[in-house]
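What follows is chain A paired twice: with chain B in the first complex and chain C in the second.
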Partner chain A sequence: MVVYALIIINKAGGLIYQRDFAEGLNKLSINDYLVLAGTFHGVHAISTRLNPLHSSTARSSTDSRPEPPSGIEVLETENFRLQCFSTLTGTKFLLFTEPDQPNVDAIIRRIYELYADYVMKNPFYQIEMPIRCEVFDRRLGQYLRPLNSR
Partner chain B sequence: MVVYSFYIFDRHTECIYSRIWARRDRPASGSGASTRPVSDSSSSSNPPITDLGPARARPARLSAQDDAKLIFGTIFSLRNMVRKLGGPEDSFISYRTGQYKLHYYETPTNIKFVMLTDTQTLNMRNVLHQIYVNLYVEFVVKNPLSPVEHPGGEGVANELFELALDQFVKGVL
Partner chain C sequence: MASSQPAKPPLIGQPSSAQRGSQPGLRYPASGKTIYHRPLNRSRTQELSQASFAYLFGEMVSYAQKRVTGIQDLEKRLNTQGHPIGLKLLDLLLYREPPRTQTRPLHIIALLQFITTILWKHLFSRPADALEKSSNPETPDEYMISDNEPLVNQYISVPKEMNQLNCAAFVAGIIEGVCDGSGFPARVTAHSVGKGEEGELWPGKTVFLVKFQPEVVEREAYLGRT
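And now, the complex of A and B:
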């Protein structure tokens, strides 16, 4: 069980947090991470438009408000697996793990809780700006280190 | 498990074959969903969307050609992203959204095979590889009348390939 890295993207597609937890992925320059975040943001938006069943899903749910189409949730490659959790406000949490990591949903929810507690409740944090909160860093490390060493 | 559509892109980034099976507003498969150069105007599927009121005023459904371009853009960006992070020999296998799953296979000659299925489908990489080896190579590459490149999809959409693809996909289901 290895969690490689975490990336948080704000609702405009800007990178606001990036941290590696284990070796396994290539190290990129900060510029490349910014490009990567922007690219993913765009691809995520496109993937919502590619729904092959667009018309039928819209019709079946005329009585209730239709679920908005979700973008990329899981991306699988030979070397890693990328889970994307998009909050209702548009912030995206990307978690890079091993290809066969179980329970990524639970991990990402917990990270979201930590974000809500230690970033959003920090009175000095400016919304949509890069996250520089020492307590968040520490708690995140405390949570993920035991998972990685298991 | 349902296969929605299938695309082939050549190394010049052009969509040389596309086939759409399940579109719910049309009876699934067999309807001869015709091949790629036809723009398959799906504008007939709009009315059900518009009566949902202004809350959901999304632009009309894209044409099949635009869909193919968007799919190419998506897989191209994701493939580059994956190579950057996972090393040059890592390759992107699939992604899943709440509505569908996209499977990807690239041959050493840079021909890209893409298949859209429902979300429950497991890994289809082998299936795409089989399509390449048993159908594409047999019926397109080995066809003496087929051109080496396929501008505008010329030479790919021959009868044997279509028929075999249809049977193969039905067999996989």
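And now, the complex of A and C:
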């Protein structure tokens, strides 16, 4: 059970956070990470358009808002699995794990919680800008280190 | 203007324009009861959402950050925001004490114990972690209150270029307000003492340095002799 890396992409497709937690993935240059984030953002946007529309009867019968099309959720290779969690505001969390890592949903939600607490409530963080929050880094490490050493 | 719309009754809770003119920005509920009419003990055990406080405090820091010249100026502004809260809390918390202990603190130690226990419990639901007197014989007027993890700083990461800043200056302002209000004028400042090392137990540990004015120490010495 290994969580390799986390990437956070803002709603414009810019990379705002990248961190490795374990060996296993090749290191890319910072430029390549930016390209990866931008490319994934584009492909994700296209995939939301490909998604068939919800049936019109379901939409008109309920007064609740329809679920937005989700786009790419999982991308799997032989060596890793990439899970994407897109928030309602369009921020994307990409988590690279081993292919058989269980409960990725729960992990990614917990990371979102940490982001909501230690990034969004920090008065020195400028929204949509790269995340440089010491406490966020620390809490993330505290949460993921025990998971990786299990 | 009232004559132009004679049939329309004024909306409940909305002051007429004459009232609005005399008290800009202040609105009174239709019943005339403001929070000052409520019993003072009603909200004693009520708790607030920490998330909403965190957002409010974040905005207070951002507001204080506008048009400041430096970190000291910013800390001064946060301190000023806390000061009136301390003045008011002193009265409120003493009022809520049982009648026998309602007297104001008369000695420095009694005052500091009031701050570290009663004030701290009211604000953060726990007492402060330590209260020390400065061991330096040249500064007998300095006392230190430490808090291992200040609640106001819980979600705040100060950027590297401002590492002198500690947003708990706001709490220092509250302490200063309590000291000033009880007749022990003092300067209170907040200092981070965490070293920023990996695996540190309390990375956000903060020390509030309370420096009393010389006349306070002088009076204390006189009181001690009699």
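Operating definition for what follows: the second predicted complex is superposed on the first by the 136 of 150 C-alpha atoms of A that agree within 3 Å, B and C clash if a C-alpha of one lies under 4 Å from a C-alpha of the other, contacts with A are read in each partner's own complex, and residues count from 1 in each chain.
Assume contacts are C-beta pairs under 8 Å (C-beta built on N, C-alpha and C of every residue); 3 or more make two chains touch, one makes a residue touch a chain.
These figures come from a predicted structure and were not determined experimentally.
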For this session: Report for A:Gly42: first if it touches chain B alone, second if chain C alone, otherwise both or neither.
Result: first
For this session: Report the partner of chain A that touches more of its residues: chain B or chain C.
Result: B
Exercise. Looking at the overlay, does A:Arg150 come into contact with chain B only (first), chain C only (second), both, or neither?
Worked result: neither
Exercise. Taking the two structures together, which residues of chain A meet both chain B and chain C?
Worked result: none
Problem set entry | chain B residues touching chain A - in the complex, by the definition given at the top | 4-5, 20, 22-25, 45-46, 48-49, 51-52, 55-56, 61-62, 67, 70-71, 73-74, 77-78, 80-82, 84-87, 90-100, 102, 116
Seminar exercise, completed: Note: in the complex, chain C contacts chain A through residues 51, 54-55, 57-59, 61-62, 65, 155-160, 162, 167, 196, 203-204
Seminar exercise, completed: In their shared complex, chain B is touched by residues of chain A numbered 25-26, 28, 32, 36, 39-40, 42-43, 46-59, 62, 65-67, 69-80, 96
Exercise. Of all residues in chain A, which touch chain C in the complex?
Worked result: 117-118, 121-125, 132-136, 138
